[in-house]
Structures are given as structure tokens and as C-alpha cells.
Amino acid sequence: MSGRQNTVTALLSGPDQRGLVAKMSGWIFDHGGNIIHADQHRDMEAEVFFQRIEWTPSGDQSDLEAEISEFRSFASGLDMEVECKLTTHRSRVAVFVSKYDHCFHELFLGQKSGELPCEIVCVISNHKDLEEATEGYGVPFFHIPVSKDTKAVAEQTQLAVLAEHDIELVVMARYMQILSPTFLQQFAKPVINIHHSFLPAFAGGKPYQQAHERGVKLIGATAHYATAILDDGPIIQQDVDRVSHRHTVNDLVVRGRMLERRVLADAVRWHLENRVLVYGRKTVVFD
Amino acid sequence: MSGRQNTVTALLSGPDQRGLVAKMSGWIFDHGGNIIHADQHRDMEAEVFFQRIEWTPSGDQSDLEAEISEFRSFASGLDMEVECKLTTHRSRVAVFVSKYDHCFHELFLGQKSGELPCEIVCVISNHKDLEEATEGYGVPFFHIPVSKDTKAVAEQTQLAVLAEHDIELVVMARYMQILSPTFLQQFAKPVINIHHSFLPAFAGGKPYQQAHERGVKLIGATAHYATAILDDGPIIQQDVDRVSHRHTVNDLVVRGRMLERRVLADAVRWHLENRVLVYGRKTVVFD
Amino acid sequence: MSGRQNTVTALLSGPDQRGLVAKMSGWIFDHGGNIIHADQHRDMEAEVFFQRIEWTPSGDQSDLEAEISEFRSFASGLDMEVECKLTTHRSRVAVFVSKYDHCFHELFLGQKSGELPCEIVCVISNHKDLEEATEGYGVPFFHIPVSKDTKAVAEQTQLAVLAEHDIELVVMARYMQILSPTFLQQFAKPVINIHHSFLPAFAGGKPYQQAHERGVKLIGATAHYATAILDDGPIIQQDVDRVSHRHTVNDLVVRGRMLERRVLADAVRWHLENRVLVYGRKTVVFD
Amino acid sequence: MSGRQNTVTALLSGPDQRGLVAKMSGWIFDHGGNIIHADQHRDMEAEVFFQRIEWTPSGDQSDLEAEISEFRSFASGLDMEVECKLTTHRSRVAVFVSKYDHCFHELFLGQKSGELPCEIVCVISNHKDLEEATEGYGVPFFHIPVSKDTKAVAEQTQLAVLAEHDIELVVMARYMQILSPTFLQQFAKPVINIHHSFLPAFAGGKPYQQAHERGVKLIGATAHYATAILDDGPIIQQDVDRVSHRHTVNDLVVRGRMLERRVLADAVRWHLENRVLVYGRKTVVFD
């Protein structure tokens, strides 16, 4: 939603204090920047302040890193946590898959069309099914099988691949394995998962089967950050589609695929555009 | 969705057999009727057949009851359960309320505008708040307080009112009490409830509070038939509304009201138009 | 979406200049206020800046009018147009109706439940159908018949009623007359209209008939500010509902009513909460 | 929505007569078939009857073509037009494209995953941009440039390709040329187009630009059969997405792509599943 010149986005959060908006915008003004968008939110109960600001830095574009670094110090001095990003930056993404390919293709096509401002650097899978398709996109494919006994070792292999490729974001594109708390802790960077259900309803396996048995009139999909507790991570995006008694379990699966694709694509795009602040079990999405 | 002449609707269900569609339509044809709408569904796994037929009976409208009765015998002979209704029939409805009035007004306005083809015959409440509003609509109000100790007695009083007024349908319009299995069994007629959540997520109390804490991006409402198991009855209609971090719990409550009104109104209208077949824990809605 | 203490909302618009966010928030900070929400937008092509700020003024609540007046001067000095409002203010609203009552009741129920923070001060109609219902709500009803020949005179009578009652907003709740450019110019305050169609499709009369003939799969409703050009005023809110070949024109009308009610209620609520900035043929809605 | 055994679907339409449902289902019953789904509709004003029936033919699957042929004669004898299809049949589809690839990829991925039960036999384009991608899918690509002067000749070349490949359906996947009435008449088979707007609003070019200038709150997409009159063909599917002042024209284009993809995929799937009856300027979609 920005123009095409290079801009900086900052996501800020911290204890609420009087005058934060004035201080942040004052700093940018004093440094010759021009605010393009600014959106903020206060959680009244928790007394936390959240802000996303996007600005064009002053004339001299040669030293943006220094300016960002100075802004970071300024924000830290106000007890704010801050995440800065240049809009020209392309995050390095690893995609985890198993056998389903609908979310996999959605991510590659979104990346190619420019809707997902990232580089997909590698694909990791516990199956070989998508090896050829991955290579067709010109991207390396790592087949790392996972069984109950080998899971801990497999995860170390995955972590090594991620480290080697400087991965900044993992997207689980219907990867049918749970990433262990150890993995998440060691990776220490965001992991986005798509759950093929309207969480918290039907958490866990076979949600379409459960939904069909319950006779629901809407099915849903939820994209969330992965955390140590299964399917309980902060929700980024959700959507639903209307169904009826005429739909078989298989029909729900087919319609669910479209839902999963677009919910995951929204969540990944917002993350890449530095729009998502995590906050306890919740997110603030400045969309 | 029918023209305004008198027509008959039949809802049929029973074990699937070859030729049921032909037999049903054949009977109507042979008796001089003309089918306006017919919709059917087969549950492949359970091998159950469902059908809704609407037809204009033959020229002689004087003896419709006899024709319906004959059709019922015919359907029973084929092992089908059948629910017949003249579209000119106005079901006798009792509305149960507590203090919230948004669903209450929705039902009265829908009845007056003709969208809900029924008569609202009485209002029963455990509080006095809506007495005046009820009388403003020209309908008797029964104040039947309910406490833990008096619940069994209160329910007998409610049942007496329902019996006295020949009630065919109870609508719980945000009635904040649970009707006991005993009540449901003795009433033995349909009871529609509105749950202010997207079931099965957030079943039970304070769903908006729960939804807010979980940071959901959609809130929902569910209308279902009341059964002995709380919030587990067959779902008739569901809908959602999009929310964000900007919404307080109170905002969710306010937006939820509009959602509850329209979801309940849809469910009641479909029921009154003889469009809803209950089937295990599910419904088939011929909408 | 604010807490219940008294806050000020300001809607600002004007030529974009570097540092506007800093200046506005700086003024509030310097005067001891605390910003609760602030949202801004820049139209890149037109180089116009828009902002909605909500803040709790400093401790002394006794002289809020003076503070607002001082803020207005400050904003004007920066070439900004500004619209300020105390959140405790209840705008004085006149409702224009003809015979349809669904939007009429929606407004009264919304006002009574607190969702529409206003006072409905009078109802004006070219028909007598809603006289009794209006008086039931304890509000005066003005029957001002309109014919082709008497329209100019009737409008002067309407304007006199509006002036006498200090009306700040007119809501056309399916009022089946067009307000003349002269009326709009002399009233010189906002008028919100509900159009029972998804504008710009099917502008003008009988949109449901047109939609049915065209076989559309969605019907819509649009709430907009009335302007001298029919159905061309700035759009505040739109929504749709899914329909099929099974729906008659009458079914579209029935479903359309629910759509019209909720679209009009949203638009009026946003207006009353000082969330809508008009801007050429468009609106900026800070929802 | 059917099981995986071979079934027959028939789409029927013709002048309404008493007893049609009985006659159709009677024929199937008498020939040993079992009706899986049957849905019918009557247009009350035009007195036209529409029906979709799906049935499993009798035990002997060896002579299905003969049975279908006999059913066709029977239906014709009742003045019904009939379109029959075996669910195992894979329609031969040609995709027309220009430079945009989002709908193009959607169709190929849908075909590969089985959601679109067809064979994509060839791709025809007035540009070379998608040649490599087409060949990557293993499908022949025909580059047929079109200019104002060469259009008539180019269309003859296109028609020759379609004839040579026995094409049964053309899908215009954002093909940026209008097919002439002559082309449509000579091809004489269905052509589905995706219009990147909520028809009839913003018919013609640059609808997102128009929508942005008008400040609409919803954007839409419409899939319809192509007819001699531009953007006026019978509508198969429509959907919308919510937008705000924060979205640039480019944002609308990006969001519109997802909308176009899913609206086109729905329309093509319903067509392939023999669910769409054209009827004057409208469709009856038995979904």
C-alpha cells in the first residue's frame, strides 16, 4: 500500500506513556523524514502501546542503515521494542511441505507475481512428492524424512539447512508434522502455520471430518504463528466459506484448499510487510 | 419463495430405496397436484433419503386436510417420516427472553413484516424488563422467575403456559437459562436457541470475552435446536463478522448483536417455512 | 471503541505537509491530553492528509469547549479543516420515512440500545403510515405530503421543522422522495441515504427487479451521503448477500431489507462517532 | 459431490407441464437407475421448467451411451432440451490468455488437483509471455497475434486450432481481447469469461481504476458466458472483497486477482460438472 520509493516501516510496542505518538513522529520530523502511514493501538487493560509507522527517510538514501539504527536506539530509550524493515528488503523464506501442493504453489506464484515480497530460498519436506515441482521453480529441495524415532535428529538437520540459508521466516504450507518446542526455540525466528479449521473449533487432526459430522454451515481456516502449544499460537488471519448438507467430507476438503491458500497468503504477506505485532496470545495486524 | 396461492410443503426422511423420487412425484401427479419445488438429498454413508416437496394441490381446495392425511399414509407406507404444512398456516410461537431485547424485537418486527410466517402468541421471561415492550406489541407476558431451587417448578409453570396456548415452537431469544432435559422431553416440540458464538468454538458462557482473549479475527453466531446436551443441538444457521485488535470486548458484544439477530431470524424463518429436517446431530436445510 | 470517560474526537483534512502528525500529537501532548486512538491517511495523488484523533483532555474537564476551540484555531492555522466532537455529545437526528418501516425501526432500536449515540428528535414523512409507531417511541411525527406541484413548498416546511429542532443530521430511512439540490444546500448539514442496491450498479428505481432480470448472484445495499446528483454521493458503507435463481423478486426484497438495515445502521453509527471524512466523491472511514 | 462410481448427469429445460418430475424420475426408475441427486426449478413468470438429475445407471455399464441416447429421445419427446454427461468424461478445454498469469495458473493447478474435471488441451495467446509456462505444463501453446486489422484472420486461425483439438469449452483467463460475434457463432460452444468487476457496475475497461475513483467499499469479480454483447452474458458466479480508502488502485488490482481466480475456478468447475443451465440472460446454477 505504499508508493514505490524506498521507505522504512517500524513496528513498535511497549508500556503506554503519555506523548508516545508525539515523540515518535517528532523524531522522524526532526530527521527530515515524512510519515506516509501511521497507525497505533492501545490495549487499555494491559496498558500497552502498539504502533506501525512507515516513512520516507530524508534525501540522503546512502546511509539508511545508520538512520534505522539511530531510530532503534531512540525507541529503546523509551522502553519500546522495535522491528524495522526497509520496504525494498526481501525476507529469506523456507517453505516446509509434505504431500499437499496447493499452499506450496500459492506461495511460489505469489512470490513470482510480487504479492509476497520475499525470496523463497529453499523447500524442506519429509516426502519426495514435491521435489520435481520445487526444482521446476529453480529452488533447492531438501528431503528430510521424519519418523517418531528420528524426529530430534531430523529437526537438527532442518535447523542446519535453515541456518546455512540465513532463513528469516519459515512457512508451514500444510507440513504434516508438528515442530517441537526445541526446534522453535532454537530457530528463534517466526514460523507461520496454516490450520485447516476455524480455530479454536476443531483443533487437531481431521477437522473437515469433524466439521462434517457436526453439520456445521461454515468451514474455516486459520493462519497463526507456531508456538510450543499445538494450534494455540497467535492468530494472524481467519476466513470462512459456506457449506451445506450437500457437501461430502471430500467437498469440504476441496473448498477448504482454496480457503487455506488465501488465508495463508494473507498472513504471509502481512508478515512480510511488517504489519503483524505479536502480543501475548494475540496479534495486532495493521492491515 | 413460493407464490401466494395455498400450497403444501412436505418434509420427508427415511431409509433410502430405489425409486423414491418417482413414487413421491407420481403420487402428487396422480392426485392432480403440481410440484412447485422439489429438492432431495441422500446421505450416502447412512443411506438415508431426505426430500422437501412443495406442490399446489388439485382444484378442490376444500378438502386439503384430507389430501394431506392421505399423503401422510402413503409416505408412511414407504417407511418415510413426514412433516406436512400448508403455506397459509401460521405456527403458534412462544418467545423466551431474559433482559436482552435485540433478538426479541427482531422476531416481532419480522413477524409484523411477514418475513416470519407465524403468530407470536406469548412471551415468557425470568425477568420483568421486557414486560412493557411485550404489551406494546399486544401480546401477553408471563413473568416466571427461575432460581436454582425453583427451576423444576418454574419449568412446570412454563410448560403449562405453552400447553394452554397450543404452542408449536419455542424460540429462545437470548433467554439466559438452560432448559432442562425434562422440559425438552415434556414439551416435545422444537425449541430454537441462538448461541452467541461460532459453535463448537467457545461453547458455554462469555464467548465474546473468550474470543477477545484469543485474538480471533472473526466472531460468529449459531442458531440450533436445543437438545439435552448444552450447545450441542443440530445447527440450523451460522454466520460471522470480521473483527480486529481495535475492537474491545464491548465492541464484539455490539457487533455480535446484529449477527445474533440475523442468524436467529434466518433459522426461525427456515423452520417456519418447513425447510429444516433434523437428522442425528445435523440438519438438512432446503433453503 | 473508546472507554466511557469523556474524550474528544477530531477529524482533520487538508493539504499534505511534512510533520503534520508530529504537530497534531505535539499540541495534544503540550496541553496535557493523552491520545487514545489516532489514524491517518494520505492521498498520494491528491496530496491530501486526513486524520482522526481521539484523546482524553487534561484533568480539568470544566473547560472542554475552550480547549476544543483552541485546537480548532491551531488546526486552521495549519490549513486543516477540522470537525471536533465530544464523545458524550448526542447528535440531534431527524428521520425521513415513507411507508417502509424496517430501517425506521432499526434506527430507533439502535438508538435505544446505545449503538447509535444520538437523539432521534423527530420523524418527517410524506405518508401517515408510521405516525402511530413514531408516537409509540415518544417522538413527534410530522406529516408533510409531497406532490410534484407542492414539492418546493413541502421542502420549505421540512426545512422549518429541521431548523426548529436544531437538527444536525437527516437520515433517509427508505424515504421515497428525492431531496432537491435546493433543500440540500439550504439544510447545509449531512444527509445519509440508503440505496437498496450495490451502487453504481442498478442506480435508480426498482433495483431488485433489475437485479432479478439480470440474474445476479449477489444483491447489495449502499449507504451514502445525499448530494445534488441522485445516488452519486460519497459511499459510506456497502454490503452484499448471496442469492440464486431460486429467489423471486419478492425474496430479493425481503433479503434486501436486512441488508439495508445493517448497512444504514453501520453508516449512521460511523457518522455519529465522527469517523467519516468526505473528500471529493469519496469518503475516508476510520473504522 | 458425487461418489466415484460412473454416474450420468442431465440438465433439462423446457416449457413447464404438470408431472415432469414424475415422468423423468419414472423413466430412470423403469430403466433400473437410481437417482443420486435431483434438483429442479420453475420460473413462474416464464413458465419454464429446469432440472438437473444425477443417477447411477443400471448394472450393465457397457452400454451407457445407448442408455443416454434413449433418455435424450425421451426428454425431447416431452419438449425438453437436454444436456447429458458422464461424470467420468473429461471435457477438452482451450485456455485463452494474454499476459496476466494468475487465472492461467489457477486453471492448471485446479486441473492437476482434480478440482476441475477436464483436460486442458491447448493454450492460445496474442502474446508470447506465457509460452514457457504453458510448455512447462506439457501443453501446446499457440501464439496468434491480434491487431485491429488482422483480427478477423486471427480468429479464423483460432477457430482452426479449436476445431483441430476438438475443443468443447473455451476459458478466457484474462484474455484481453473481445471475441467477435462471428467467432462465438462459428465456435458454437460455451465460452466462459472472467470480468474483473462486479457486473453490471463498471462494465468495460479499467474497472479497478473506476472503483477507486468512486470510493467503493467492496470490489467484485464476475464470471459469465461470453455473448455477442460485451460483458452482458449470463452470470455464473460473482464474489466481492472488502476494501477501504487505504487501498491504492494497485492494491485493488492485487486483491482483485485472488477474487478473479476463485470466481473463475468456481464457474469453470460448475460448468464442467454440468451444473449450469443458460436461460435467456440468466443462468440456473444447481450448486
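To keep things simple, chains are lettered A, B, C and D as they appear, and every chain counts its residues starting from 1.
The rule is simple: contacts are C-beta pairs under 8 Å (C-beta built on N, C-alpha and C of every residue); 3 or more make two chains touch, one makes a residue touch a chain.
Because the structure is a prediction, the values reported are computed rather than measured.
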*Looking only at C-beta pairs in contact, point me to the busier pair out of C-D and A-C.*
C-D
*Same-site or different-site touching of chain A by its copy chain B, using the half cut*: same
_Farthest-lying chain, centroid of Cα atoms versus that of chain B_ = A
*For chain A and chain C, what's the span in angstrom between their mean Cα positions?*
37
*What whole-Å value do you get for the distance between chain C and chain D if each is reduced to the mean of its CA atoms?*
42
_Residues within chain C bordering two or more other chains_ = 37, 41, 44, 246, 248
*Note which residues of chain B are touching chain C in the complex, please.*
1, 37, 101-102, 105, 109, 113, 115, 136, 246-248, 251, 254, 257-258, 262, 265
*Give every residue of chain D touching chain C within the complex, in rising order.*
41, 43-44, 50, 198-202, 213-218, 220, 234-240, 244-246, 248, 281-285, 287
*asked:* List the residues on chain D that touch chain B in their complex, please.
replied: 3, 18-19, 21-22, 25-26, 28-29, 34-42, 44, 242
